[in-house]
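The letters A, B and C name the chains in turn, as written, and every chain counts its residues from 1.
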Amino acid sequence: MEEKMMAESARLRHEYLRHDKKFPHVWCPGCGIGIVLGSLIRAIDSLGLDKDELVLASGIGCSGRLPVYVDFNTIHTTHGRALTFATGIKLANPSLTVMTVMGDGDATAIGGNHFIHAARRNLNLTAIIINNQIYGMTGGQYSPTTPYGSNSATSVYGHIEHAFSIAELAVTAGASYVARGTVYHVPALDKLIARGIEKEGFSVIEIMSNCHTQYGRRNKMPDPVTMMKWFRDQAVSVSRAAKMEAAELEGKFTIGILADRDKPSYTSEYQHIREQALHQEKKK
Amino acid sequence: MNDDRYEIRFGGSGGQGIILAAVILAEAAALYDKKYVSQTQSYGPEARGGKSKAEVVISSREIDYPKVITMDFFLAMNQAALDAYFYDFKPNGLLVVDSTFVEQVPTSRVIAIPFTSIARELGRELVANVVALGAVGLLCPAVGAEGLRQAVLGRVPPKTVELNSKAFAAGAEAANAFDLDSLPRSITSDEEREI
Amino acid sequence: MDSKQSGTISLLQGNEAIVKGALAAGCRFFAGYPITPASEIAELMSINLPKVGGTFIQMEDEIAGIGAIIGASLAGVKSLTATSGPGFSLMQENLGFACITETPCVIVNVMRGGPSTGLPTSPGQGDVMQARWGTHGIHPIVVLSVSSVLDSFEITIHAFNISEKYRIPVIILSDEVVAHTRESITIPDQTGFEEVNRIKPSVPPEWYHPYEDNSRGVPPMASFGDGYRHHVTGLVHDVHGYPTQRVDEIDAFQRRQFRKITNGFYEIQMTKSTMLDDAEIAVIAYGSVSRSALRAIKMARERGIKAGLLHLITLFPFPRQTAEQVLRQCRAVLVPEMNLGQISREVKRVNLSSKIEKINRIDGQLITPEEIFKKLLEM
């Protein structure tokens, strides 16, 4: 069994990681981003997508370094702007499968405006947001998802702001598909990502991930295992949460699919606009 | 200067269709008369309040400076615009005013026609600018009247072609009643010019 | 081009002519955000692009506008955005991304009075240095200016061609006067244009090095979806496109950026000379001000003054050689600008012995021929 898994892992690495890229990667040992990368690869493999037709765009931060390792069409853009580039790529060539990978600060602070408008616009993109509740690469400053009362490099007296719930924000902004997973619940995460990529319209997969180096160390969870346990204990499935009282859910977060709804996709709507414009032109 | 640059200004209040009238005049000169034209206008808050202006320069040669330097022709649709934009009028220029709104004129080289009153009689005050264009076609030597008429009719909504056609004709007819030769040739006297 | 040649005569605003030029150049993607006095470009693109199979999108801000056009260009579609001062400021970050990733795209900045909200409906020329140096770090950039409706059409085509040929973002500086002036121009038949397209790789994907140097210094560019699965990053990168910290690779990369543009000076640096052959004094001008200058030198000639005009179309890379010739020949050179002296600094930088005079208006008004003429009389 183990041998089979190792062989499968080797196949996936050979198939999807860039051979000419100098490893090791930039992430700390035990970082959750590696788990997300694994999940993403397995999700793509399960869908049988052509690598030539895949585009992965990222912003800036630890998550921003993910695309360089995978053998797709990849782009590492400016901080917070991955979705704007992805929008241009998708509209220019709608046959491409376009995904973005962003961090919490990337997607909801500097890129917050792009994020809510991409959700509202409902262009067929998949946005993976790795939420580690901190700015990792710059040294552990608080982000829009840093919990109230936590410590960070810029909130050493305790954080006085309140955190965004990214997935709930995406639901309200109009995304067609919204899911939340964690780097602890990995088989489920593979499926949540695969479903998001398949879904026509804007898909958001928020992934609770560990930055033990910058967040955990400052908040009594100094190693990956402690953080994994925290994800395990705080995560409540969407269906179970529905039966729970608000007080019971205090400090916890839901995992699973928060929204899965159908709307006409932007590119098909725009095709109608083209036909309409041509029709009017011919009438002249 | 060795060119036949002819400089026209339209002034009025926002809503009198001044800019549209200037665009139509420019179109006539460009598309029907095959002249070089340059058309500009004042934008912004100024255009929304009491007065706005639009200018057209027409020449048989390529136009360098795109705005009016000194006016050959000034159509003023109200008193405020006339007062504000009269400053660079040529001595032998021609002023045409809408006498519905203009009471005081600063020059004797003027033709006063009640464009708005004529438009009201036709049933739509809105076509005062087209009535005025009818007069411009006759009074302004830089643009052909027939080209201007076609440019007007090419621009207006199909349902209003008849009304605008009447408005244009009414303006031309009103202008036809004036004899341009009866005006002083220039507002500077011969003595002044000799000096 | 003689505007009376065969084709369709149209009465267009400068902004409309930019749209016509972009479409003629093969532009099929526009993303932007409304702003005075540039909005007509977006409006007309929204009407016309779908008719030719292109795509228009109004984004949430100018940052997103330029991000989207860079993305579209990476997917192989020629792209345009248009804005004015405040929006141009927002675009600076991603403009740098287009520079470092060598992504062709064209950015129109219809200049108005600034800083900040400034004078939204009045012309200005205050963004010249911003166009050159607005994004951080060392980078070459191409900045072209337009002075008329005809320019707006023709120079936009040049902008796309330069952008494609040299893989560089090209900025077109228009101004409120040019943008909103209607002029008659003849749009020549489609076959009359030279349309340049980026060179795509001819090697198999496993041999493709997306940032490898060659004699031109411009590497072939694969589009996403072409089967060349490469990496694009705003980090300084090696020939594979992967981030590098090796000093030899960094230096080679940075210097190639400049070399490819220097190689193209002969066609990138565009100027127009009028009555300069025997000129003793000259005006160096650009944008709408060059129109006033043209009339002013004619007025001076009527007075027997040997005046000429060097009209700069390319502002950056600054057409040094042409300017130097004028400066060597003329005892005095006048640089009128609707700012307090931006191109005049470039002129002074390359000057040897000529006397440099300036006229500067910063009141939102176009400098008049009379003002320039009077100054010429004093020179």
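Convention: a contact is a pair of C-beta atoms (placed from the backbone, for glycine too) under 8 Å apart; a residue touches a chain by one contact, two chains touch by 3 or more.
The structure presented is a predicted model; accordingly, all values stated were derived computationally and were not measured.
Enquirer: Assign the assembly's chain-to-chain touch graph to one of these shapes: line, ring, star, complete, other.
Expert: Its topology is that of a line.
Enquirer: If you average the Cα atoms per chain, which one ends up farthest from subunit A?
Expert: It is B.
Enquirer: Approximately how many whole Å separate the CA-defined centres of subunit A and subunit C?
Expert: Roughly 38 Å separates the two chain centres.
Enquirer: Round to the nearest whole Å and give the separation of the Cα centres of subunit A and subunit B.
Expert: That pair's centroid distance is 63 Å.
Enquirer: Spell out, as numbers or ranges, the residues of subunit C touching 2 or more other chains.
Expert: None at all.
Enquirer: Taking the touch rule as given, give the residues of subunit C at its contact with subunit B in the complex, in rising order.
Expert: Touch residues, subunit C against subunit B: 3-4, 9, 11, 37, 120-122, 148, 176-177, 180-184, 288, 291-292, 294-295, 298-299, 302, 366, 368-370.
Enquirer: Okay, in this complex, where on subunit B does subunit C touch?
Expert: The contact residues of subunit B facing subunit C are 1-2, 23, 26-27, 29-31, 34-41, 43-45, 62-67, 69.
Enquirer: Quick check: in the complex, which residue numbers of subunit C touch subunit A?
Expert: Against subunit A, subunit C makes touches at 29, 31, 47, 50-51, 53, 55, 57, 59-61, 63-77, 79, 93-94, 97, 223-235, 240, 242-243.
Enquirer: Going by the contact rule set out above, which residues of subunit A touch subunit C in the complex?
Expert: 18, 20-22, 51-53, 55, 57, 67-68, 71-78, 81, 83-93, 95-96, 113-114, 117, 270, 273-274, 276-278, 281
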